[in-house]
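My questions all concern the structure below.
Letters are used for the chains, namely A, B, C and D, taken in the order the chains are written, and counting of residues starts over at 1 for each.
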Amino acid sequence: MKSLQISLPGLELKNPIMPASGCFGFGREFSELYDLNLLGAIMIKATTLEPRFGNPTPRVAETSSGMLNAIGLQNPGLDKVLNEELTWLSQFDVPIIANVAGSLEEDYIAVAKEISQAPNVHALELNISCPNVKTGGIAFGTIPEVAKSLTKKVKEVSAVPVYVKLSPNVTNIVEMAKAIEDGGADGLTMINTLIGMRLDLKTGKPILANQTGGLSGPAIKPVAIRMIHEVSQHVSLPIIGMGGVQSAADVLEFYYAGARAVAIGTANFVDPFICPTIIEELLELMNSLGFEHISECIGRSWNKRG
Amino acid sequence: MKSLQISLPGLELKNPIMPASGCFGFGREFSELYDLNLLGAIMIKATTLEPRFGNPTPRVAETSSGMLNAIGLQNPGLDKVLNEELTWLSQFDVPIIANVAGSLEEDYIAVAKEISQAPNVHALELNISCPNVKTGGIAFGTIPEVAKSLTKKVKEVSAVPVYVKLSPNVTNIVEMAKAIEDGGADGLTMINTLIGMRLDLKTGKPILANQTGGLSGPAIKPVAIRMIHEVSQHVSLPIIGMGGVQSAADVLEFYYAGARAVAIGTANFVDPFICPTIIEELLELMNSLGFEHISECIGRSWNKRG
Amino acid sequence: MKKKELCQIVSQEKIADQIFELTLKGELACEMNEPGQFVHLKVSDQLDPLLRRPISIAAIDQQRKEFTMIYRADGKGTNILSKKTTDEIIDVLGPLGNGFPLAEANLGDTALLVGGGIGVPPLYELSKQLVKRGVKVIHVLGFQSSNVVFYHEKFSELGETYIATVDGSYGKKGFVTNVIEDEKLDFDILFSCGPTPMLRALEQAYPHKKVYLSLEERMGCGIGACFACVCHTGDDPTGYSYKKVCSDGPVFKAGEVVL
Amino acid sequence: MKKKELCQIVSQEKIADQIFELTLKGELACEMNEPGQFVHLKVSDQLDPLLRRPISIAAIDQQRKEFTMIYRADGKGTNILSKKTTDEIIDVLGPLGNGFPLAEANLGDTALLVGGGIGVPPLYELSKQLVKRGVKVIHVLGFQSSNVVFYHEKFSELGETYIATVDGSYGKKGFVTNVIEDEKLDFDILFSCGPTPMLRALEQAYPHKKVYLSLEERMGCGIGACFACVCHTGDDPTGYSYKKVCSDGPVFKAGEVVL
């Protein structure tokens, strides 16, 4: 399995496949289905300082080859995540990437400081791009200076490397990535969901109680690939790619675009066994294409080796 | 058929369904399949001052529930469009919306001035949002001040109402729409394609020769709905909606979001008879939902009537 | 235990307007121990429609390793499902959730089973198992109109059965609650599945009885991981406490969650 | 005339590794007058895969209103197609494009038909129609290896047939061009369909002969409206002149377009 090993700041991964934040809870449900030790890492659900109930239901709607969600960052709050979820997860030999969210800078800083000290948290993922929260939030993900300042402050308090999760809902993704690089981030994760909406044929009203939601799934994959392709050529930070991955072939497409690891979100709902399945198929696919190590695939769409 | 009649600036439409620019050429091919008089209007292919060959092939790639295109505004140039295409189209009793493109402000102005004088051109659609052209272009669609200035100048020379086509590849779509409203536009058309990319599994390289392309089709419908929903509540310009329409139900979803007419792009490739089919089915669907006139559907997602 | 299995269609039949009865074969059937659980079906191998569809288990035959569902072909996914025929394969995840608590009904008790529309199906397996345990069952089933009524006879074989239709075209005219009142039906325990207004009415009508309600909510994962299907709990001063319909439910004790 | 028709599958058979022969029934067959045209198939009722797939017409039987295609199950769409069985329905748009100009081959002429891989199929109907017109046909067909060779016998029934495989596992080892040279094949007119490098080699090898080549390009509409499939024309000082593979081609005279 050497051929799937890969390192990123803070993360020595036995393989590059990890469930994306919000699509795997804190792992409990999936642990009933398969051994979580198979995973490269786990991106846990967004954690906020205080518990949050999230948005009213319906919170999900289907779209062509995609889905909308407006969960609204429901989570049990920092204390419970630390004391119950992360403690429970410590039985597994899998690095945890803690997704940190908030409405104010102080919230992010407080959560980052504490959660980064949990022994099994190997990296943070700053969620500055959640489209489903009304207050604050959005500015962090769309204004380069704001993103940079937040990154800097979180870096100061974090005990582990900090990845920042980019929103695709911006005019210039490279500008955002550069600002975050300047802010001292250790890596990028991209992309979060596109903002979308569906209306009910009969009532004419939004299907989601929150009106808009985040679009994920295969529908957004070409947008993710294009953004990673562009960002990876302009910043030197390692990228964990995501957005519509459903197969080992999709994983390679993210690698070719410039990712160093790949997260899987929505596909966990379609097939709860998707992560271990893809890990297995990835090896076979690499073999059939003549790759000896997954790192050979990084940036193949633009680098000279390709 | 009264229940489908609708007016927009410059356009007295017998029904609100029209093929979207670039997906219908200048109508010749479709005229062999059905009577173009059935259509509410026709948005013809982007016209530039000089003839353009466009991008190298491959120019299209498929994605989940969508497609990428990088045609690169291939067109025979203003003179031929005027003398051959528009003249040919004048045999039909269908208002033409001329899609105007260019790299420089002067180009837009020159094309707009001349083409707006063609007797069957009832409106212009300023294509400031084509993602497939390297030079200029993109700034027009992403910087509010630039869009406003262009709109103003085109308005000064145009003999017919001017619609501006919005790019979804921006952080703040309402800001763009407002700038264009300030510039004096008569209407908006939205959305153009999202920027996307696909990589070939075997070579690792982009499938499109142009690398990136515009993502269209059902995959982008939730993005279009969300943007129209937002813009229609913040500007008073009429909106011609588009993005992923495949059925009469989709047409109503665009109406509910706030559109006053609906254009159909990619679906023409999937089913060349889609426009007349949807016109027919729209009437039935409206009946079954109890609508007497299509205008009752406008903005139902947010207006009080709904 | 939850499993994902490619199950083969034993039969699929239209049993009323847009209503289909689908029987699948799979090892999964042996894991189905509680009536009221559901399965999550992938109706297409392609990426559109993307998500699974939650459908209740309406009957279980563990000896034959078969289970039956009854569903309405309504939207895109269920319409695709309805076109599948014998021997085709469907990807099933299940059994999911917690069903009706059989043990709450004692030998000799009378159980009132109240179903509305496509909420009726899970009550069928429930009724069969209650009868087997020596519980007396009464069924009150509500439908829109005669053309969508199904399983009248099957329920009748198990116990007293009343049908109500909104337009009166079959059985009594009106809602299930009207029937219960008019017929002065008495019971020790009530189980129900159907539209939320109906569940709410039942909850309010019998505050002092044992009442169990099966809920519906739009779902993502179906296994408790995505927080799509949460509802507030009944007695919750903080406002943060929740239950997930998919993994804590779909069956809840009346009052446990806010309808 | 172009039509869109729901055609029924008469038969579908695997005839080599990943290679399928599909026969459909439809009125469309009566519109198919030129060998070398293609149809545009919708392989799924759903929105994914979205686009139609262009496939050449390999045989036409107007009396039975049937037509046959041969294709490789390669990507997503053709794999879905390959799973369909007799009596299923496929949405077909066609016939599209312009085929091989039969009239250019005179009675008694020798026509060389050169095919590569999945470029071979349209040559079969072409060959049949040439033979019917009293033209002598010689076939040179190239494949990767023995496991993907098809229709050797069928072509042999119509005329002299040489097979080349890249790995030499069937017929001659090498490319079709090697065979033509080695066998010193002479001809009055050459028709070819296959990978672009092969077409280019043929074009260059026979600058003074009548050569017709069938091209492939990624398509959107398939009817000439979207400009996805354009190529530059051969003699074009402006650089603006173009031909569309779907509606001006797919068959072009050598030199007409830039390969």
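Keep this in mind: a residue touches a chain if its C-beta (ideal position, glycine included) is under 8 Å from a C-beta of that chain, and two chains touch if they have at least 3 such contacts.
Chain identities (UniProt): A, B = Dihydroorotate dehydrogenase; C, D = Dihydroorotate dehydrogenase B (NAD(+)), electron transfer subunit.
Quick caveat, the model's predicted, so the values are computed rather than measured.
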| What shortest step count links subunit C and subunit D in the network of chain contacts? | 1
| note | Note, CA centroid farthest from subunit D's centroid sits on chain C
| task | Return the distance between the CA-based centres of subunit B and subunit D, expressed in whole Å. | result | 36
| In whole angstrom, what separates the CA-based centres of subunit B and subunit C? | 46
| message | Measuring centre to centre with CA averages, how many angstrom lie between subunit A and subunit B? | response | 34
| request: Name the residues of subunit C that each touch 2 or more other chains. | output: 47-49
| note | subunit A touches at least 2 other chains through residues 64-66, 217-218
| message | Which label fits the chain touch graph of this model best, line, ring, star, complete or other? | response | complete
| note | Per the touch rule above, subunit B residues touching subunit C in the complex are 64-65, 218
| remark: Contacts from subunit B onto subunit D in the complex sit at residues 22-25, 28-30, 32-33, 45, 51-54, 57-62, 64-67, 69, 71, 74, 76-77, 217-218, 246, 266, 268-273
| field | subunit A residues touching subunit B - in the complex, by the definition given at the top | value | 63-66, 68, 142, 169-172, 194-199, 201-206, 211-212, 215, 217-223, 225-226, 229, 244, 249, 252-253, 256-257, 289, 297, 300-301, 306
| note | subunit C residues touching subunit D in their complex are 44, 46-49, 80
| said: Going by the contact rule set out above, which residues of subunit C touch subunit A in the complex? | reply: 1-2, 4, 42, 47-52, 76-77, 91, 93, 217-232, 238-240, 242, 247
